[in-house]
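Below you'll find the structures, each written out as structure tokens.
Here chain A shows up in two complexes: once beside chain B, once beside chain C.
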Partner chain A sequence: MTGIIDFIIKLIIWPPLFQLVLLPGLVTALVVVIFIIWFERKTAARVQMRIGPYHISPRLGGFLQLIADLTRYAFQEIIVPRTVDRAVFIGAPLTALVLSVVPVVAMPMTDIPRYFPIPMDYSLIISMGLTTLSPIFIVAAAWASNNKFALIGGMREAFVITAYELIFIISGLSAGLAVLSYNIVDIVEAQAPFYKWILFTNPIAALAMYASILMSTSGFPFEIPEAENEIVAGAFTEYSGLMYGVNMGSAYIKRFVYTLLFSLLFLGGWAPYTPQPGFIAGYLIPAVIVVVKATIVMATISFLRAVYGRLRIDQALDGAWRIFIPIALAGLLLALLEAYMGVYA
Partner chain B sequence: MPGKVVEKKTPKQTLLTAITGNVGAILVGLKYFVNPNRFTLKYPYEFIELDETYRGFIILELKKCIGCMSCARICPAAAMKMVKIQVEGKKRPMPVPVINYNRCIFCGYCVDVCPTEALAHLPVHDVVYTNMEDMVLDVDGFQKLVDTPAKDEGVPVKYVFDPERGLVKVPATRG
Partner chain C sequence: MSASPALKDEIKLPGMDLKKIGKDLYEVFIGPQHPGSGHMRIIIRVDGDVIVEADPDLGYVHRTMEKLAEGREFIKVIPLMERMAILDACNITLPYVEAVEKLMDIEPPPRAKYLRVLLCEINRIASHLYGMGIFGVFLGHSTMYMWPFGDREVFVELAEKLTGARLTHTYAVPGGVRRDIPQGFREMAEKAARYMEKKLEDYKRIFLDNPAIQKRLVDVGVISKNLAAKLGIVGPNLRASGIRYDVRIIEPYEAYDEIDFEVPIYEEGDAYARAWIRVMEIKQSLNIIRQVLEKMPQGDPLHEKFWAKAPKLYKTVYETTGRAKLIPLYANLKVPAGRAIARAEAGRGEVIYVVESENKTKPYRVRVVSPSFRNAIVFKYIVPGHRIADLPAIYGSIDYFPPEADR
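This part shows the complex of A and B:
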């Protein structure tokens, strides 16, 4: 009996499983996403002179509204139209959801090699590469829907992702360039003192990466692929019930994973804390610190929903190719200069 | 005299205006985030205190009515009709107004035209009927005050204009 319990505990704290499913992975992502959606609604309400979700639990400020919405999605009928490509229609959103959380396997949450999911020296490149997989399945879902609005939405997704993923990767790599290492552990350890966070030494790259997170994960005023007031629900027009919830959730989970990477690269990762030996002191606490930082970054992104207006697709692409790619390249140049001057040597 | 033709100039977009514009928008958002000015009316718990002269639901005082039919004649929506009933102190049945709230547009002509002020407005407009038949009142129903749960249990509020914060919600004193 104790052998089974030991085996289960060992399985749970086995780093690849723990990281993918539990702490920065799916479970934490869902909790953070529920909090962030509530925060986003309340923030937008505050700024726009409204109250936001309230009546379902007045003492918690309507926090349980999200649970109620989730329950409603879960019990709604999932309609699969006769004209769609059935296998892709059902499979693509689920694949996108899983793939959106996969990049965390390449993100070390501590500097102790025992707790790495996959020990490697190119974790920055691998994790950034894995983030590029899930948009393909959104385009596939849109194509499989056999609907004109979905097709337009899918094309917009492809355009926006092509433009902003480039910015994301250039600005992310400039963090690695400054430290002269593609290992996220090296990048985090180089930022140990507070003033050496790459956010302060290279704010240009940080700005470019922040903007690319905002655009490529279709946060509310920039949800150009969905564009509720232009093309029904964009790529997700034909989806209903839990399948729509999966689509919406995978966008938020993708944003959470992107912000995890952002806080590792620019906000010093587990910075004020140095991991000690042991599971809790060496793995749990630094991971929680990174998650908290990522949540704060997500909260600032949610706040911007209340500030900015909608962009058209051409304005978004214009901003990407004409403004943000030069900014990202300038960040890369600054990182090169810092590497030459030996700021992080 | 025709108006002068003026060339309209859009301000030129530069890097500086882009930065100041974005920062200004975020600062305005932060201002409201820190010090929110919410004026949502939590309706059943709060209600807007209406003026005594508000053209709300109409009430009949049967003792004053002389059965002149002016109200039924002037009603532009044909909401008011006269019915003949036996009134105390009168020998013959007298025409008395009844109202159909399916049709009433709350214009207030009937109240204005009434020579004896038998009709009057109530400062109430939030009344719920569960079916269409209930909205056609008889003479007894027309004389009753309407049920207003919000007004009986809620807090009265009013909206005033504040020069700095815009429209703000303040509690109103009952009276």
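This part shows the complex of A and C:
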């Protein structure tokens, strides 16, 4: 009996599983997403002379409204239209959900190798590579929906993917270039003093990466692939009930994973704190610091909803190729210069 | 992707034409069940992302108002016609009241004229705010959706204070208005005007000067001066194309000839100009409201002819409380035979009524030409050549209101 309990505890604390499922994986992502949606609703409401959802749990400021919404989604009928490609229609969103959280396995949350899921020297490249997996499944889901609006939304998604990925990778690599390492642990440790955060030493690359996160996760003003007033719900038009919730959830989880990477690369990761031996001091606290930083970045993205309208797809692509790729390249150049001058040596 | 040939044969319905569309074109139905369409349908055919053809398809909220009006007493037609544009209730029914007055050969007292102008301008502001809110949400700008909708409440309440009803006021009745200005209204109106002026600056900062919005609107959906004249566009859309046409100026009705105001004109004719013109018109309307409250003459808000036939109690109640009940005479108002036409500038443009009477208590015919109906045709001509994403921008900028067009 004790053997089984020991096995379960060991399994839970086994780093790959723990990181993927608990912290900062699915469970943390879900909590953060619920907080962010609440925050988004409340800040937008504050800007817009409203109070936002309040009826459920007025003492918590309507925080439990999200749980209620989630329950509603869970019990709603999942309608699978007769004309869709069933396997892809159901499989693609689920795959996208899983793949959107996968990059976390390559993101160290501490500098103690014992708690790494997979210790490696190229974690920056691997994690960025893994982020590029999930978007294709949204396009697949759109294609399988056999709906005109979904098709248009899927095409928009495809265009946006090709536009942002280059910016994302160039600006991410410039963080590695400045430190002369592809290991995220090295990048974070180089940023230990506050003034050495890459956000301050290379704000150009940080701006480019922020913009690419906005673009990749449909943040305003780039909320184009699922523009409600133009194409209903874009790629997710035919989805209902929990399947729609899965789609929305994977979009938010994707944003969370991107911002995790952003806070590791540009905001010093677990910076003011130095991990100590032991599970709590060595893993839990630094991981929570990174998650909090990522949540703050997500909150700024949410706030933009109240400020901006939606750009047109051609304008967004134009901005991506003509403005942000040069900006990202300029960030790369600056990183090169810093590496040459030995700022992080 | 398309239906199988067998299915195509099945759906052949009598009287239903199948239209062939060009090769490589994709037909998308925007509406009537679409978050960005309202109660209408725009059938667009796209080549990639660019719209090649657009067909506005109206009539989804047709309520046979003109026919219904033939079965109702003259006074009951007003609440019916208000349903065309409930935010614009006074403007949209005023020409009907004027036409009936022409038939009866009575002139409303000067105070009533000013009161009508007052409510018309309050309605115009509310109507423009509604349009701007819809415009905002069409561009994905949720703040611009919430702000005008919240601020509209100020003017809805102002109208409620004046008339007793939030939306369908039935304020202007043949021979005058239903009731006089209540106590404390002037202060409330002044406060509302000051508040609105402050908020218009906020709108400018967050919406009109927003780079993302400017990118979406400038040079989008341009209606040239020529095209606007040819299609017979009316209202703010026409004036945004540089044509100075406003019934309040061309053919002043009620007290508009005694009031000093400007009609804003923009030359560009694009969606951005149409967004601006509403803001400027709200400013002018606030100006008019202030002037009306200043210049309004004393006197009775209802024609003597109606008072003469009213029970005595009504007059006493009116003199002590300032509130008039609708005089029983209206229930069976007999209008002399004839045909009269009247027009007014509603929030969305010129509205025209032709009323024909046969010396009975019910009209023989009431014909309405509403501004949105005249503006609907514009979709067919200016949408092609734009991208799908521009359709909501154009739709919102036109401020097209399906219930008003369909009647």
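As a convention for this text, the second predicted complex is superposed on the first by the 343 of 345 C-alpha atoms of A that agree within 3 Å, B and C clash if a C-alpha of one lies under 4 Å from a C-alpha of the other, contacts with A are read in each partner's own complex, and residues count from 1 in each chain.
The rule we apply is simple: a residue touches a chain if its C-beta (ideal position, glycine included) is under 8 Å from a C-beta of that chain, and two chains touch if they have at least 3 such contacts.
Computed from a predicted model, the values in this text were never measured in an experiment.
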item: Fit or clash between chain C and chain B when superposed on chain A; value: clash
item: Touching partner for A:Gln315 - first (chain B), second (chain C), both, neither; value: second
item: Contacts of A:Phe149 with chain B and chain C, given as first, second, both or neither; value: second
item: First, second, both or neither for A:Val232, with chain B first and chain C second; value: second
item: Of chain C and chain B, partner touching more chain A residues; value: C
item: Partner chain(s) touched by A:Phe303 [first = chain B, second = chain C, both, neither]; value: first
item: Partner chain in contact with A:Glu77 - chain B first, chain C second, else both or neither; value: neither
item: Chain B versus chain C as contact partner of A:Val47, first or second or both or neither; value: both
item: First (chain B), second (chain C), both or neither touched by A:Pro221; value: second
item: Segment of chain C that clashes with chain B, given the candidates 271-279, 325-333 or 397-405; value: 325-333
item: On chain A, positions contacted by chain B and by chain C; value: 47-50, 306-308
item: Residue numbers on chain B that touch chain A, as the complex places them; value: 25-26, 28-29, 32-33, 36-40, 42
item: Of all residues in chain A, those that touch chain B in their complex; value: 43, 45-51, 303-304, 306-308
item: Residues of chain C touching chain A in the complex; value: 1, 26, 28, 34-36, 49, 136-147, 150, 206-207, 210, 212-213, 215-216, 387-392
item: Chain C contact footprint on chain A (complex, rising order); value: 44, 47-50, 146, 148-149, 151-152, 220-221, 223-224, 227-232, 305-315
